[in-house]
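In what comes next, chain A is part of two complexes: it sits with chain B in the first one and with chain C in the second one.
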Partner chain A sequence: MSRLRLLAGTDPSAGSESHADHSRRLGAPAIAGRPLIEALIRSGLAGRGGASFPVGYKWRSIAGAKGPAVVIVNGAEGEPQSRKDRLLMTARPHLILDGAFLAARTLRARQVVVYVGQAHQAAWNAMARALAERPEAERRIARMVGAPHRYVAGESSAAVHLVNEGIATPTTTPPHPRERGVGAVPTLVQNVETLAHIALIARYGDEWYRSAGRRGAAGTILITLAGGVAHPGVLEIEAGTTIGEAVAMAGGVTEPATALLVGGYFGAWIPVATGWELPLDAAALRSQGLNLGCGIVGVLPASRCGVCDTARIMRYLAQESSAQCGPCFFGLRALSDACSRVAERGTNRDDMARLKRWSVEVQGRGACKHPDGAVILLRSALSTFADGFASHPAHWRQQPA
Partner chain B sequence: MKVATQLVIDRIKCDGHGLCAELLPELIRLDDWGYPIVAPGAVPQHLSAHAQRAVETCPVLAIALRRTAPSR
Partner chain C sequence: MLGVLSTMRVQSAGWPRFLTAGLHRNLALLTLIFLALHIVTSVVDPFTHLGWLTSVVPFSSYYRTLWLGLGTIAFELLIAIVVTSLLRGLIGQVAWRAIHWFAYASWPIAIAHGFGSGTDVLSAWFIVLAILCIGGVAVAVVFRLLQPPVDPLATARGEFRSDVSSRQSP
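Let's turn to the complex of A and B:
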């Protein structure tokens, strides 16, 4: 496993780093408050939960509001193929908590909510244990809250909704959580990996942060490799490392690949021929019309059918709609059904026409981005697997799930 | 001088009653499940009264006319 910064130190498989070991290894953060916000802006650090929002600007907007704030440590990790957040929570809980309490100090937060996926038992235990090791002044303002095992539970307004009302469904924005969140005060919802990077920037500075990275990108990122690679799982790589290089670090492909799913279920399929050279960096991928998301790269081996896999993903995403907005609830179901019919019974003209029309009509018509993510993924499948969709055999039942 | 406005739908409130598309077919059509698809851009001056009526008639108050945000 490649371990550069966040995962430096003892092997993650050895378990959680204790507070004493963590402090001995890294010392205390050197800066907080305004200098930290300025360092975050200069670092160019973008959120690692999926939206790649510039961290420094988010902090500055919350710091500029009057009164107290709330910090939510987002360890929901609802993306099915992602493993990096729970690995980090399990191995380096104090790096995450350092970032969280730096945020609390800097933004005058009197509440820190550690929001961890209920299904991620080891991560939950590690975070709870780590919290108990923190100084009294920090423990007093922090609490653990379980994130339901649902895809949308990690969306920032859903996290706020859960803390406020016990329901982990997204709400209409604006107002955004950073304007009006938990208890109606400005709320920072920050992914656990992002907080860990912040903990290191507060020690070593933004110049140090930018000293890693290839091809003009800055810093390191945790990625999860899934599918047809020899050693699937989490890697810490320099931003800007190509997909081909990352796959080689994971032992290469298990058989020739045909396509890549970049960004997980919130991402897009691309043909393998155009994929190997792509740099894993939020800004670089955005310039290609792609989304790093939470850093998942799925490799589709030649023996698997991309149409059938897309039908499976669409079925999952339709089920994971929180059923609040009509175009998402009804639209994703209808899209999933049409996709399943093509997969199960073979290509037919009517379903293909529906897939094309609905996948455009649904976009931008939900309170959150769940329907957008689903149709962007579907449209990428329609183009990457154009031949497969044009003449799909009725073979779904023969494919392993 | 009149300010430019656009139609904004609260997608969680909207239940697909469809009155807005009846009252303002120039800018709103319904998808296959009865939910509104709004034409992009600002509401043209000559339709602003109809747009206002669509806003006021929505049974669940899911539509609003919002000033077009100045581009930043």
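Let's turn to the complex of A and C:
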């Protein structure tokens, strides 16, 4: 029922497609330069790293700047539940590299940095092998850089910071990397899935891109299904497919579900009753106050406790603060501690009051969006699991992570 | 003094913020009010015929040209500090901080102005007050130079950075 695009061709689990197979299957890209930027704008393609930034406008702003540019291929994939970037890098490395070198040509970039998570061994090897198969002119300007295995390392300013100074922590924006990035020149930081879509749009055009998609949405999306589904993992779906349909494609739920985590650890919890009919599309979710993020849907089965899972996520996010801003470092730790106390020892009035107050106060007080993402997730948990938080028994240890 | 010591972040969980950050700001603003009184009464006083221009243009008075000029300069440095503090959100932290260093120039210039143009310089109360002020600031500066400012996040940040700063491939 799904129309595969990125994952069309041989079975993705069969390993990476070679440059020869890739070229034979798809041919060469038809357009680059200004026509490609215009096609990207018309396509409505939005970034798939998490921020859903409109790709065409990002390219146009970099193309409009004077002088050279830099392209960073973002395959850091620091989001713990996400698998789609790794799968794509392992299975279709040349689709990603096509997009990267199209960007380099279009934006006059003399440097392409392939930024891959150090922990993603198979993806790293596939990208390195694929790069070695590219023509000399492309290989000369490209290099691979390892992304540290930390949550914030995939944030675009952190990627730029690592390439510039060897430290993968986010820096204050503005200036955005697209204005002032690697070596202070405009830098395109683009997620690997986004680049793969670009490689196809450069071949078949924006109308073809928009021909997939349901309920008014355009294109296809790689999503990662996690938690209580029969076959967790990566699916390519048409944008606008509902969460319920996507879960059915993954073999359905393993037991009745109570809640959904949409968008990963930077997303939000929603009750399963309202979530099942939600279309998976960045614009549609935004109109509901939600976030597609990097395309993760976590399914919480009835046997698991949402309060305890939220406490675990908050602890993780607090540990992943890069300790640059006080409100993030101390604030997330305090929130995580309060959340853990509720999970471990049961509901108490003081901690509930703290959670409600601090989850509002921390927002907007970091140099990057890390604290904001964490408290948005927490607030969604406080409303989705309102009953759970109001009368939580002391049962943390009964549940494995 | 409080300004010099503010970067030491001497605080405790029990102290309210108006003691740690607010006191410095509020005392500084109070000083500004007394300074305004000082300037207005000096200008209005017909004895010296200072005129308003003197309060803005340094070294423009016939009366004790050098010493009054120093007072004007100290005042204008202070005004720069106040204006940039009010516009801090607009001009950014770096520029604000650079201008705030003017305080280190403004204060000794104002002290020199006091000694040079004051008419009570040799009276006991003036000398006692001056010694207290200069002594207090001197002690604060020495204390601060001996003990560099503490960054409460230094350890945590260092640990995180050493974790995210490898450039090697896996």
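Keep this in mind: the second predicted complex is superposed on the first by the 398 of 401 C-alpha atoms of A that agree within 3 Å, B and C clash if a C-alpha of one lies under 4 Å from a C-alpha of the other, contacts with A are read in each partner's own complex, and residues count from 1 in each chain.
To be clear about the criterion, a contact is a pair of C-beta atoms (placed from the backbone, for glycine too) under 8 Å apart; a residue touches a chain by one contact, two chains touch by 3 or more.
Everything quoted here is computed from the prediction, not taken from an experiment.
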Overlay on chain A: chain C relative to chain B, clash or fit: clash
Partner chain in contact with A:G326 - chain B first, chain C second, else both or neither: both
Which superposed partner A:A367 touches (first chain B, second chain C, both, neither): first
Touched partner set for A:Q118, first chain B, second chain C, both or neither: second
Touched partner set for A:Y209, first chain B, second chain C, both or neither: neither
Which superposed partner A:Y265 touches (first chain B, second chain C, both, neither): neither
Contacts of A:A334 with chain B and chain C, given as first, second, both or neither: first
Partner, of chain C and chain B, that touches more residues belonging to chain A: C
Chain B versus chain C as contact partner of A:F389, first or second or both or neither: neither
Touching partner for A:W358 - first (chain B), second (chain C), both, neither: first
Shared contact residues on chain A - chain B and chain C: 324, 326
Residue ranges of chain C in contact with chain A within the complex: 152-153, 156-157, 159-161, 163-170
Of chain A, residues touching chain B in the complex: 171-172, 324-328, 330-331, 334, 358, 361-362, 365-367
List of chain B residues in touch with chain A within their complex: 9-16, 31-35, 37
Parts of chain A lying in touch with chain C, wherever the complex brings them together: 118-119, 121, 124, 144-146, 148, 150, 152-153, 158, 162, 166-169, 321-324, 326, 329
